[in-house]
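Per-chain numbering from 1; labels A, B, C, D, E, F, G and H assigned in written order.
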Amino acid sequence: RRIGQPEAILCEGKALADLDAILGALQGRPTLLTRLAPERHAALAAPPKDYDPASRTAIVNGCLPARTGRVRVVTAGTGDLPVALEALRTLRFGGLSPDLIADIGVAGLWRLEEQIESIRDSDAVVVVAGMDGALVSVIGGLVGVPVIGVPTSVGYGAAEGGRTALNAMLASCAQGVLVCNIDNGFGAASAVLRILEARAR
Amino acid sequence: RRIGQPEAILCEGKALADLDAILGALQGRPTLLTRLAPERHAALAAPPKDYDPASRTAIVNGCLPARTGRVRVVTAGTGDLPVALEALRTLRFGGLSPDLIADIGVAGLWRLEEQIESIRDSDAVVVVAGMDGALVSVIGGLVGVPVIGVPTSVGYGAAEGGRTALNAMLASCAQGVLVCNIDNGFGAASAVLRILEARAR
Amino acid sequence: RRIGQPEAILCEGKALADLDAILGALQGRPTLLTRLAPERHAALAAPPKDYDPASRTAIVNGCLPARTGRVRVVTAGTGDLPVALEALRTLRFGGLSPDLIADIGVAGLWRLEEQIESIRDSDAVVVVAGMDGALVSVIGGLVGVPVIGVPTSVGYGAAEGGRTALNAMLASCAQGVLVCNIDNGFGAASAVLRILEARAR
Amino acid sequence: RRIGQPEAILCEGKALADLDAILGALQGRPTLLTRLAPERHAALAAPPKDYDPASRTAIVNGCLPARTGRVRVVTAGTGDLPVALEALRTLRFGGLSPDLIADIGVAGLWRLEEQIESIRDSDAVVVVAGMDGALVSVIGGLVGVPVIGVPTSVGYGAAEGGRTALNAMLASCAQGVLVCNIDNGFGAASAVLRILEARAR
Amino acid sequence: RRIGQPEAILCEGKALADLDAILGALQGRPTLLTRLAPERHAALAAPPKDYDPASRTAIVNGCLPARTGRVRVVTAGTGDLPVALEALRTLRFGGLSPDLIADIGVAGLWRLEEQIESIRDSDAVVVVAGMDGALVSVIGGLVGVPVIGVPTSVGYGAAEGGRTALNAMLASCAQGVLVCNIDNGFGAASAVLRILEARAR
Amino acid sequence: RRIGQPEAILCEGKALADLDAILGALQGRPTLLTRLAPERHAALAAPPKDYDPASRTAIVNGCLPARTGRVRVVTAGTGDLPVALEALRTLRFGGLSPDLIADIGVAGLWRLEEQIESIRDSDAVVVVAGMDGALVSVIGGLVGVPVIGVPTSVGYGAAEGGRTALNAMLASCAQGVLVCNIDNGFGAASAVLRILEARAR
Amino acid sequence: RRIGQPEAILCEGKALADLDAILGALQGRPTLLTRLAPERHAALAAPPKDYDPASRTAIVNGCLPARTGRVRVVTAGTGDLPVALEALRTLRFGGLSPDLIADIGVAGLWRLEEQIESIRDSDAVVVVAGMDGALVSVIGGLVGVPVIGVPTSVGYGAAEGGRTALNAMLASCAQGVLVCNIDNGFGAASAVLRILEARAR
Amino acid sequence: RRIGQPEAILCEGKALADLDAILGALQGRPTLLTRLAPERHAALAAPPKDYDPASRTAIVNGCLPARTGRVRVVTAGTGDLPVALEALRTLRFGGLSPDLIADIGVAGLWRLEEQIESIRDSDAVVVVAGMDGALVSVIGGLVGVPVIGVPTSVGYGAAEGGRTALNAMLASCAQGVLVCNIDNGFGAASAVLRILEARAR
């Protein structure tokens, strides 16, 4: 990418032959593969070695140079983990060493209270939550650093495949929180990289 | 009403002449009028005296006999007040003396913390919130008593006229919270009356 | 749960390894597992013995202490049974002995008429219905006790996966009926436990 | 109309000048004007004399020849009256003498029970209901004659401007009920005229 | 059915064991089974012999007594056939001998023109169409008999699983056409039986 | 415009002061103003003289040079006229002399039949229709020239403010018809100008 | 087709037996089969030889006579290829020799800049894009020839299965761009054939 | 605010008396009032002097201390100005000196090209766009700094009151762009303040 963003390939929805061609043309550039299902990874002509099934990501030609920045990735529930792991892998690919703080949803507020100081002391927080998406509003009201909400498709019925969490984060009563597409851990992490990149200049 | 519920008339959407006829046929029965706009109240043939413009309700032929029960009506923001006041009036009409706890939305969690003990010590809690509706999930996780969420149409854009708060309450990560129609403070209060009525038998 | 609600785990959407870890950390606390498909139950490291495939629930470490309360779970049609059974299992887990009254949808009103007295004589009624969700309105108009509607995803086309029943229950012409998420028998039962818990104090 | 249907003009959304031109070209043919607001009626070049503001209809050049047929137009609530009156006027314009049975919504089932015999003894029933639209399912289950549901935009929030009643009628658990557009009393009456017309041949 | 409608069982969404129980309790009454997939039919304890996979219907204990009535079932395209066949089987079960007129969609208007006289000469017409649903409007404008539109889920993208055809039929510019749920050939046929039943009395 | 398209200003949603500034900077270039309500036109600093309230358009600095091309703008009903007039004015501004063929909706197919030859003999046809939008499918099946559908917001209820006509046109059973935004007569005409422009080169 | 459009069969949603019958009745006419999945192609009684799995199309009885016209089919991303290939095959079937310009989405604007001159020098451009659909607006602003947008279902979450790209193209800030149904490469190509056909007369 | 965010009051949807009370309790704290319509501003008990009708904001008790940071607020069209001005006022209230770059929508890409270097050289960019929202994708692909999209309700029909721009920004093909609620210039600016605040620590 000419703009300094990490190079990434969205594998879902591309034919295997097309993926093979794209991988064959990378010429040694560090590249992140996202939304690559295990059976599709295995079926590639040259399956990348650094593949992580939980986040469905592969890293080809190594990570970008290390950079500084305290980033926390927070999840409301256990079901939000795959999306959080996609964010974590993208951040690591981008040269960071982020922390995961899992399963601190608002239905048990004491869990959040135990972690709030370390969240407050971040350069950016990625908040991954499905269902009501309420964790973004609560954290957004407690910390002054950038808060990036990632709605997930966790939940059923009125959760509407993540649309309810998405809308709740957009309509949040906490000011200045920002939002990504549903299940887009990659996008939230890329935004963190933009924030830290701009700062580094 | 044969089932013991307070008699109520939804005034919105009825012609004035029809309202006059309904009021003329009440024969002294205590009756609550809801969604009665000030200019429509003034235009009735015999405008009820006990009219409250903030909640847009009128009480005709007095309230029902007093009954016991500690009920809290909680709001997230100042904009939710009209709906909360409709709930409060309905509860008073039903013979209760409910408390209002206003403006304790989750973006400022300390406000909720100051009130949580009195909320916990209730027979039922009505939680009125728009935008993200997150207050229902937080209170639902902190108290064991019945929690009734009333989504409001407060907010814009992704708030979708109350649908986002409604869906967030339905998909809440807190278990066993119940929900009413958007802006339906009357319905939430009626449900509280059912709960206390069943208990009294 | 610190608030006295029964501990429960939503199994859908969690990795098997994560479920095994959660179950391994229960330390003897009575716990309800919901939305656990038969093949996923069988694949657990230590499949709980008290598993019921019809309701897709498992009970681990026994039920909560018995408590009193007459609760009816009513269904409109045969297709609504799995959701009703989830509600029944949750109520039993919570220490109650609820009754099931099945298949009394409004298209055959005489079936409802035969059961209405026992429904009227309850502490709470859970009404499970898909398609038009009309049973909630009819029962809500006939009884004065708490009525909790559970819309189901039964039906096709304009049934919209349960959204039509959900909206119809929310917009019900019967006053003071309350609503849960689509297919959420667990939530309705949890709400009944809140109502009976508050009463017991 | 060459097909034998009554000639009708939907006045909403047409410029006054265009309406004047259309009326000027009728050449004595009996014509029904629908959705004609009082102030627009008054502003026409030659306001038709047989104008009824409650149904917002005008009849020009008299009604069609009388025909036989027992038709009932039933409403759930008082707010549904304008739509029911549009149906009644259209039926009268078509040569029938329909009956109105008002305000027998399912929240008070005894009101329906008092009328059910006369409804059962019809050639067709038009059921006008907003909110949950449940009246169509209940009547559809109790009578064997043609049942035509007209959803109305009465209600707020989850009533979705009539879409909930519409979907509930379409997804009705009663078999063989048919549905019109929201607030379309004219359409329901026209369908009754088709039924009676086909029978007369 | 006490109201004289043919007895029918919607098989989709019911457990096989529940279907076996229902079939075992029929006591010789003629009954129609709908939405019964071939593999589910084969898995029943006593698979009904009169099973038709194309319409996914079975007839148990024979059809109802023959009655008179000229009914046409019309389809826009070949993909609409399964729904049309469900309507035809239901009509035959109800004692009628309906005709199928297939594949006369409006994109080739001459096909409709060749059939219009026989359609005009019916007691009722069932019009089955997906995508734009336009055939209902065109036929509704050409014939004076009852027209019942059945939107189908045929199409993709903006066809929205049948919702576009449904809405187009409801908003049709032809007056007095009536509509069923998406893919509900059974419902349309049941409505025809109501129309002919009322006429026969 | 550098691409050769006629310069146009969408006046709706712009402040009057901003419009005055834009008009003041035109430097003699021929420009079309669209969606300019009469009261806003009158309130401009220098109201353009060539203003047409029916189409809500103004032409400033004259039309573009005349060009050849037979274009028909067809409407389904009288209510579609304002959108059709916007298309006609845009075409005239672009140097064409288009014809209007009004009120030939499919509910009266004979009206279309009388005009079909002149429609067939066009370089492009703009079809303006609300409600079911069926006219696009019928014309698209009868002529081989470019057909551009403009859905209008005419209709109520299931017409969904033009979304139903829009979706019906997109899902049309006639092949190769193209669609514009709801009520966008300007856009359809601009597309015609692109077609004729490309041909002229 | 009597109107001169290429004969085409949408294979999705038709039973194999019905397809066999249709193919058997072609009588040597050149015909295009679309949306024919590989396993369905193989299962036909006489699988057409000229089958292309990438575009899921088959050509039977050869292509139409060659005609002139410079047409470009442009895609935003690799995932849009199948839809673009459907358009290309339809154009080739129609006698044209179109060019494919792949993977020039707006997130890397330099790729578009390299191709813009050849796009500008076309008789018509088909722009295939999912996700945000932004490529249509950018190209629409840079070229004066006919631009036909085909939204694809590529993307997830807020991409809404192609509805977002569809709406973005319809609401495009570039004037005079036209739109097809989601994933409808066939429709866009058919529209191009209409444009070139009209020109040829 | 305890978290260091600027104190702000959303005035829309609050009663005037409630606003007067809130303003009376500010005790000299710098506060921003948003969505305050001119006539409501004038009707306050003590109308704040620093009121700007174009952005509908008022600043009470002065701005926050000046801080450094190069922030650009970019708009696609003239209609997006009010939202951009709300962002600009919020940034100024927060101590920044942001630049406005107006009317560089993608339909005229050369306008963007002239400004891209100054946009690239920012600490954060706020991109305000309605209709197709495509400007966010184009800028997101050209610059590496944080990009915050604000969809506006500018447009009609398929613009869906800003939902199309919102979804297009969320589904953007440019990686790492973030999004706010529709018309929420205040929220975007608050997010910029979080980014600069975190950096300053």
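Note that in this section contacts are C-beta pairs under 8 Å (C-beta built on N, C-alpha and C of every residue); 3 or more make two chains touch, one makes a residue touch a chain.
In this text the structure is predicted, and so the values were computed from the model without any measurement.
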Distance in touch steps, counted as few as possible, from chain A out to chain G: 1
Taking each chain's C-alpha mean as its centre, the one farthest from chain H: E
Copy pair chain F, chain G: interface residue numbering same or different (half cut): same
Cα-centroid distance, chain C relative to chain G, in whole angstrom: 49
Chain A-chain C separation of Cα centroids, rounded to whole Å: 35
Geometric centre distance via CA averages, chain C-chain B, whole Å: 25
Interchain centroid distance [CA atoms averaged], chain A/chain F, Å: 45
Multi-partner residues of chain H (each touching 2 or more other chains): 108, 141-142, 155-159, 166, 170-171, 175, 181-182
All touching chain pairs, where touch follows the definition stated at the start: A-B, A-C, A-G, A-H, B-C, B-D, B-H, C-D, C-E, D-E, D-F, E-F, E-G, F-G, F-H, G-H
Sites on chain F touched by chain H in the complex: 1-2, 10, 12-15, 18, 22, 151, 153, 162, 166, 181-184
Chain D-facing residues of chain E, complex: 3-5, 8, 122-124, 141-148, 166, 170-171, 175-182, 186-187, 189-191, 193-195, 197-199
In the complex, chain E residues that touch chain F: 76-77, 105-109, 131-134, 137-138, 140-142, 155, 157-160, 163-175
Chain F - residues contacting chain D, complex: 54, 78-79, 81, 108, 110, 154-159
